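For clarity, chains are labelled A, B, C and D in written order, and residue numbers in each chain start from 1.
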Amino acid sequence: MRDLLTLVAKDLRLQAKTGELLASIFIYSLLVVLILSLASAPVHGNMREGIHVIASTLWVALAFAGVVGATRVIEIERRDDCLKSLRLAGVSPSILYLAKTTTNAILLAGIQFLTVPVTFVFDDATTFAIVPRLAFVLFLGIAGFSAVGTVMAAISTRAGGRESLLSILILPLLVPVLLGGIEATKTLLAEGAFLNPNSIFWLKLLVVYDIVFLAVASLVFEYLIEE
Amino acid sequence: MIHWATIVTPLTRIGLTVQDSESDAAKWPRGFGYMVAAYAVVWLILMAYFWALSRRARRINDRLDTLLSDEKVKPAGR
Amino acid sequence: MKALFRSVGIPILSILFALDIWMIFFYAPMEKELQASQKIFYFHVAAAMTAFLAFTVAFVCGIGWYVRKREVWDDVQVASVEVGLVFSAIVLATGPIWARTAWNTWWTWDPRLVTMTILFLCYVGYLVVRASLSGDARKNACAAMAILFGINIPITWLSIQWWRTIHPDIGGLPGTRLEPKMRIAFWFSVLLFILLFIPLVAIRSRMERAAKALRALHRERLFGGTE
Amino acid sequence: MAPLLLAEGVGKDFDERPVLDGVDLALESGRTVAVLGPNGSGKTTLAHILALLLRPTRGHVSFEGRAVPRDPSVVRRRIGFVSHQPGLYLDFSPLENLAFFGRLYRVADVASRSKELLERFGLWRFREEPVRIFSRGMTQRLILARALLHDPALLLFDEPFTGLDTPGERLLLETLDLERRAGKAIFLITHDVRIAHAAATEGIVLAASRVRRRFKTDEIGVDTLEAMYRDALQEAGCATA
C-alpha cells in the first residue's frame, strides 16, 4: 500500500515535471471532440440527436485518450530499464499494476475534466445539473479503460508496437464499456437521472466489468513484466 | 421500433412450426439460393484453412530438411 | 497423426459431412416462417458453439501455462485460437447471408453481431501480437491475452439475454425447443463440427511444436554450437 | 557459515534452448567473484538469476542458506544491482531519484544517506539537475549511488565499466575494494581480464553457457589468467574475443 502511493506520487511528479504527456493527450482529445462535433454539426438543433452527439463524443474522446495514455504510462517504466530497478526494489507486480492503473486513471480523469466542459459548450448541452452523475459514469469508464489499457499496453510495448497495436488489442475488448457508457450517458442526458432499468443495467455491467478486469489483470501482470 | 417489432415477432416462433410438406412443394422454398451460397461459403472457408495449414506444414518441413542437410555438409559446424 | 488424419480422417469426415448436408436439407423438415433460410441455423450455430469452445480451450490453456510452464499449453492455445477464428469466420460469413433473407439486410447493429465481431477481432489481435514477439515473453503475453479475451466469451454468449436484440434467442441451450427431427440434425452438426475441431487443433499444435523446434535449430546454427 | 548466496547446478532455457547450464557458484561476504566471458555466454542471464529477477529452469538458488521464496521481493531488497542501463528516471534529479528509491527500499534517513553518497561520487553539485543532461560517466556514478543506497549485503555488477573514463574506472575500482572490505559479497561481470584480475578475489570463466574455468587471483598473474581465458574460449568453440 505504501509502495502504491510512492509509485503513484512518483508518476504524477514525473508528469508534472515534463507536462508533455498531459498536454499532448489533452490537445488530442480536444481535436477528437472538435472533429466529431463538426462532423455532426448538421444534425444539431434536434434535441435527441444532440444528446446522441454529446454522449458519443465524450466516449470516443475517452477511448482515444485511453489508448495514448496507457502506452505512455507504461513506457515510462520500459524506457531506461526502470522496470528492472522497481523489481529489484521489491515492488510486487500487482502493486505496480495497480499503481500504473491509478496513474492512468488520474490522467484520464484530468483530461475528461477539461474535455467535458468543452464538449458541453461545443454541443450546446442544456443542463449542468447532471454533472455529478455524469462524472460517476465517466469514472466507471475511466476505470475500465485504465484497467484494460495498462495490462494491454504492457503487452503491446513489449511487442515493439505503440498506439496502433494497442488499439487493436483494447478497443475490441472495451466495446462493452463503450456501449454501456454511451447508453447510460444518453439516458442521463435525456432524463437527468438513472431512472429506467435499462441504464441501471448498464451501470451494473460497467461495475462488474471493471472489477473483473482489475482482478484478473493484476494477477496476470506479473508474467508480463518478467524478462 | 416498429421496424424492430416486425422482424422479431416471426423469429420468436422459429423452430416451433413445421411447414406442411404438401402445401407448396412445387416452387423453390424461400431463401433456398442464399442457403446454397451460405454452405458454399462454409466449404470455401474450411478448404482455405486446410490449404493454408498444409502449405505452412510443407514450408516447415522444407526448412527443416534444408537445415538438416546443411549439417551433413559441415558436420558439427563449430 | 497427420498421415492418419489424411488417410482415414478426411474420408470419414467427408462422408459424415455429406450425410449432415443430407440431414439438414432433406431429413429435417422445412420451417414454416423462414422456410429454407432456417437451414443456415444448423451450421451457423454449430460453428458458433465450436468457436466458443475453441476460445474457452485457449482460455484454459492460458491458465495452464501460468500454472505449469509446459510448452504444450502454448501450442494448444495458439492452435485453438486459430481454429476458433476459422469457425468464427464461418459464423460471421453465414450470418449476413441469413440476415439478408430474414431481416432483408446484410448487417444490423445488433449486439449479438457486434459482440461476436468483437470476439473475432480480439483474437485477430492475439495473432498479430503473437507474430511480433518471441521466446518466453511471447508465451506469457499470449497466455495473458487468452485469459483476458476469454472474459469476453460469456459476454458474447449472454448478449442475447442482456441486450434487446433481434437475434433469435433459442432459449438457453440451443436446440431445446426444436422439432425432434430438426433437433437430431442440429446436434449431429454440432458433433460433427467438434469432431472436425479436435484433429485441426491437434495438427495445428503439432505444427507449432515443429516450428519452435525449427526456430531453435536455426538459432543454434546461427550462433554456432549452443551459443 | 553458509555463503550469502549459493547457486547449485543452475541453468536457464530460452525457447527450450539452454543459455546457461550447470553453474555452481557461491558468493560470500568480503569476497569478489568475477565472471569472465564473451558476449552471449550467459553472463547477464546468470546475473539476473542471482538478482532473483529470473527463475532458473534447473538447479536452485539459496540466500543465507534458505531457498528463495516464490515471492522474492523481500530478499531482492538486500541486493544492489549495477548494470550499464540507467534504471533511473532521467527527468528526475539525482536527489529525486534517490528519494524515490529510498522510499521503496524503506531507507530510514534518505536525505542524509543521499547526501553522503552523492558527495562520495562527486555528484553533490548536480543534485538538482535532471539526470537527462548527465554524461555517461556521471550517470554511471549515480547508478552506483542508487545501488548502494540501501546498503545491500550483496552487490551485482553487470559490465559496470562500460562507458567510463579513466577517473571513473578508478573510482569504481576503489568502490569495489571499499565495499568488499566493508563485508559485502560482490559479483562482477566483465569481459576485461585486467579488470577482473584487479578487482576480484576469485572468478570463473563462462563460455557457451557453461563454467569452463575457476581461478583465484592471488594464485595466478594477469598473463596466466589471460592465457587461461583464451584457452577456455577456444575449448568452448567461441571465437577469441
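Note that in this section a contact is a pair of C-beta atoms (placed from the backbone, for glycine too) under 8 Å apart; a residue touches a chain by one contact, two chains touch by 3 or more.
In this text, all values refer to a predicted model and were calculated from it rather than measured experimentally.
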Pair of chains joined by the greatest number of C-beta pairs in contact: B-C
Geometric centre: closest chain by C-alpha means: A
Centre-to-centre distance between chain B and chain A (centres being mean Cα positions), rounded to whole Å: 38
Averaged-CA centre spacing for the pair chain C and chain A, given as whole angstrom: 31
Euclidean distance of C-alpha centroids - chain B vs chain D, Å: 57
Distance from chain D to chain C - Cα centre to Cα centre, in angstrom: 49
Where chain D touches two or more other chains at once, by residue number: 237
In chain C, residues with contacts to at least two other chains: 136, 224-225
Per-residue multi-chain contacts in chain B, two or more chains: 78
Complete list of chain pairs which touch one another: A-C, A-D, B-C, C-D
Chain C residues touching chain A - in the complex, by the definition given at the top: 66, 111, 114-115, 118-119, 121-122, 124-125, 128-129, 132-133, 136-137, 140-141, 143-145, 147-149, 151-152, 155, 162
Residue numbers on chain C that touch chain B, as the complex places them: 2, 21, 29-41, 43-44, 47, 83, 86, 89-90, 93-94, 97-98, 100-103, 166, 168, 170, 177-179, 182, 196, 200, 203-204, 207, 210-211, 213-214, 217-218, 221, 224-225
For the chain A and chain D complex, residues of the former touching the latter: 2-3, 6, 10, 13-14, 17-18, 76, 79-82, 84-92, 226-227
Complex contacts: residues of chain A adjacent to chain C: 148, 151-152, 155-156, 158-161, 165, 168-169, 172-173, 175-176, 179, 201, 205, 212-213, 216-217, 220, 223-224, 226-227
Footprint of chain C on chain B - complex, ascending: 4, 7-8, 10-19, 21, 28-32, 34-35, 37-39, 41-42, 45-46, 49, 53, 56-57, 60-61, 63-64, 67, 70, 77-78
